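Structures incoming, each one as structure tokens.
Shared chain: chain A. Partners: chain B in the first complex, chain C in the second.
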Partner chain A sequence: MSWLDAYTAPKQDIPPRVYLAISTLVAALLMALWCLLSYGGLVREDFLPTPDAVVRAAIAGIRDGSLLVNTAVSVGEIMSGFIIASVLAVPIGILMGSFKVVEAAIEPVTNFVRYLPVSALIPLLILWVGIGIEEKISVIFIGTFFQQLILIADVSRSVPHDLLDVSYTLGASRRTVVTRVLIPATMPGVMDTLRVTLGWAWTYLVVAELVAGNKGLGYFILNSMRGLFTDRIFLGIAVIGLLGLLTDQLFKAGRNWLLPWAQDL
Partner chain B sequence: MRRFATLIAPIAAAVLAVGINAADPAAAETVSIAHSTWVGYGPLYIARDKGFFSKNGVDVDLIVIEDPKERFPTLMADKIQMIASTVDTALLYMKKPDDFQYVVAIDDSNGGDGIVANKDIKTVADLKGKSVAVNEGSVSDFYLNVLLSQEGLKESDLNVVNMTASDAGTAFVSKQVDAAVTWEPWLSRGKASEHGHLLVDSSTTPGLITDVLIAKTSWVADHKKDVAAIVKSWNEAVAYYREHPDESLEIMAKGVGGWLKDPKDFKETLTGIKFYGGEDNKTFFGTGEKPGPLSKTVADAIKVWSDQGRLQVQTSPDKLIDYEFVHE
Partner chain C sequence: MRDAAGKAKLRISSVTLRFTPRTGNPVTALEDISLDVGPQEFSVIVGPSGCGKSSLLRLIAGLIQPTSGAIYLDARQVTRPGKDRGMVFQSYTLFHWLTVRQNVEFGLKIANVNSEQRARIARKFLAEVGLEGFENAYPKQLSGGMMQRVALARALANDPEILLMDEPFGALDSQTRSLMQELLLKIWESSHKTVLFITHDIDEAILLGDRVHVMTARPGRMKEMIAIDIARPRSVDVLTSAPFAALKRRIMALVHEEAVRAMG
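Entry: the complex of A and B
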């Protein structure tokens, strides 16, 4: 039973083959459960669609092009909101975690805003921003930016003091310490934060497309709720989930490629 | 151990209680009726608080579920037994031609819904090519389509911008769209804005935007006594309101609550609707042989939704209207 011993040790790597096998097995079990519940007639079809109903909905969506358009529109909105939020949150967050002056200025406001439910702000966003794509990007931005700030500030706060002290001892200037030690040391954590918050950005999609949406996956799901088309609701959710899985992998690969020295951090 | 026991005892008791309830079908079944926060549903609270339901031998629980997208799945899953909603809404959720039955009419929008538009838009026909905010698939959308078809127009002739009725009001007031299909209080606000006026309201289309009590056909068949008692209580409540308006306003405002909890606001909003009492219901429903105006409204809704491809089944008014109870 030496393999069992090896695979159950905490924080130890397991062979990629085994990793993949476990992931596939769990996914297959979930699929089997879905098939059992739907084909087995244990749950009514209008409450839980069968897998082939979802596939047929997907084929219909691909045929008339609507699925691709909806996906493209949503990806555009999410990425715009997310990129604008990240470009601002990364530098401000790093400064917040490292300079008490910046922290005092920004953190209390951030902690106030990040608790606000974005859906409650929609009437105000209509008045201030309008009903175009700016409004949707604003929803995504508000939903992600303030969370990113707090997380990135934490990342930069947890850079060990020893690193800075050693650099000073070796004669580095303040500027060098910030640009050559502090910022590189935050990068692995920053990448992880971006990866996690991109997922959060997606969760705001339905809220974002409540107003003046006539394309997009969020609109598609909302519209399918009217009439309870569970197969289309599942399709929308599945596409969002798959996109999430894909971007997550891209982020992981990007982290390994950009920060090869930080693979174990 | 004793701490554990004090913790677990109430939970065990609760589990047991639920188990007993579920296992005793002989106990009087509670009929849950879901509705949104709207003046039209006020007499349900008169019927409850004045004891009409219990006098007629039915146990009713009134629940607020604002969004029809949540209300109908709740009914379909048998978590509730009846819904107060507009005629057109139920059609969207039907998976079989006779899934639901309309058993009694509740109220008719009489100016409570409408379209506010920029001042240069003088008729419904002028909406052509303009941006119009409307909640797709909602009662507002149904209303807009019926008005457009009277002018020989289609929704595709407009630039439709999809959003909820109150967001539509907000968007119109802040000049983001040329017109909005919405309801009170946004009709008043739109009218009061510098650039806007009331283009049309529901007082010109009586019987079109009508709330009804809706239940699953299979449930109605097994609960005829309950349904009859509820319909009777409803008609009694409307009669009571007409005789004692001031007391009724207090009861209704308190019961419906939300943004209508002040009897003054309730009374003001009430001017936009008309209740269906016992006699009104007889005329509005008609009989199987001689259907009343309700049949036309259902037919209109079937036409609008099937033109938009929103209907999942082919159906007809006589499959959905239950003429029995209003004549008892």
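Entry: the complex of A and C
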């Protein structure tokens, strides 16, 4: 039983083939369970659609354009909110982690706001900006910006002091230390933060669309529930999952491409 | 170890450093330290941990300011960090986003040295530390010893008036450390750059130094200066010689006294 011994040691690598086999097996088991429950008639079809019903819903959704339009709307909202939040959070967060003056000014407010559930703010946002795309972007912005700020400030704070000090002894001015040392040193951590918070942005988007809206994947799911189209609900969820996976992989590839010098993930 | 005019390269004059931690009473880290380092001299400071040796080096670098007293380099008072005082830290301080060559060129680049000259200087110092062929590697591809060699080349490329070294080999394994000591001896014996080197390793202090200054436990004061009159060029063979043993016994006794006092 030497292989069992080798595979059950904590923090030990296993052969890539074994890794892949285990992942595939679990995915296959889940799929099999779904087939058993749905095709086997163990769960009513309006609770749990069959896999082929979801595939048919996807084909129909692509044909009549509803799937693509709603996906495009959601992706557009996510990207707008996320990009606005990131463009502001990255520089402010870096300053907040490295300049006590900025930290004192911003951190207490941020800590207050970031513990407010974004969903609690939605009624107010609807009152202020309506139920259009502005509401979605606002929800995503509020949901991601303050979290990004805190995480990026931590990244900036953890840049070793010696790294700045050695730069001074090499003749660097304060400005040079900030632009050529502090900022580049934060980049891997910033990329990781963006990657994680983009995942959270999807959550806020769906919340925003469920509450109010007539477009987007959240609306697509909600509307399908009204007609008891469980296959379409599954489809909407699957699309969000796949888009999340896709953007995550893109971020990973982007990090390796933009920051080839950084330690691997 | 003074030049013809009797001037020290570096003069530390009655320096005291006191600070108040967020919680607790003011601490005197360094008290009334006076010390001269002559031109082209290799001076070493040893002392028990917590005696403030690193703080002293940071004061000289201008990274922190003394509570009282003053520090002079070539008779000019030190008030802020500058490239005339190059520093090598114990922690790895390479810029991870720059290649080995770009790391070595960092100080030259911010001084607006043109790229041809930068490349020439970087090549020279990378050859001196034995890292030809690694110019385009990123720090993540290097071992600890190689990273410290790049850090040394980076400090030397700026041609500082004095090289400040804060336990630069402290994080390395003993084999690598002894190779680094030999490398530093070789570089120093061909350049005679003024060096102030901090360590708690007595063997290292005797092997490298012209003079060894022993510090007291906190508050750090200068306890005694021991001249190391072992002929140069030196190699690690020195470590097994009779004069070495005698010096080591003497310095160990001094440091031990302070270590006991620190625990006391």
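Basically, the second predicted complex is superposed on the first by the 230 of 265 C-alpha atoms of A that agree within 3 Å, B and C clash if a C-alpha of one lies under 4 Å from a C-alpha of the other, contacts with A are read in each partner's own complex, and residues count from 1 in each chain.
Everything below uses one rule, namely that contacts are C-beta pairs under 8 Å (C-beta built on N, C-alpha and C of every residue); 3 or more make two chains touch, one makes a residue touch a chain.
This is a predicted model, so every value here is computed, not measured.
When the two structures are aligned on the shared chain, A:Leu210 is found in touch with chain B, with no touch to chain C. Contacts of A:Ala238 after superposition: neither chain B nor chain C is touched. Once chain A of one complex is fitted onto chain A of the other, the partner contacts of A:Ala60 are absent, as it touches neither chain B nor chain C.
Once the two complexes are overlaid on the shared chain, A:Pro123 sits against chain B while remaining clear of chain C. Within the superposed three-chain model, A:Met225 lies in touch with chain B and out of touch with chain C [touch as defined at top].
When the two complexes are overlaid on their common chain A, residue A:Val102 makes contact with neither chain B nor chain C. Of the two partner chains placed around the shared chain by superposition, chain B is the only one that A:Ile131 touches, whereas chain C remains out of contact. The touching residues of chain C, when paired with chain A in their complex, are 58, 61-63, 81-83, 85-87, 89, 91, 93, 95-98, 106-107, 110-111, 138-140, 151, 154-155, 158, 164. Against chain C, the residues of chain A that register as touching in their complex are 160, 162-163, 165-173, 176, 180-181, 184-185, 187, 259-263.
Against chain A, the residues of chain B that register as touching in their complex are 68-69, 72-73, 76-77, 92-93, 95, 133, 136-138, 160-164, 166-167, 170-171, 174, 176-177, 310, 312. Of all residues in chain A, those touching chain B in their complex are 46-47, 122-123, 126-127, 130-131, 210-214, 219, 222-223, 225-228.
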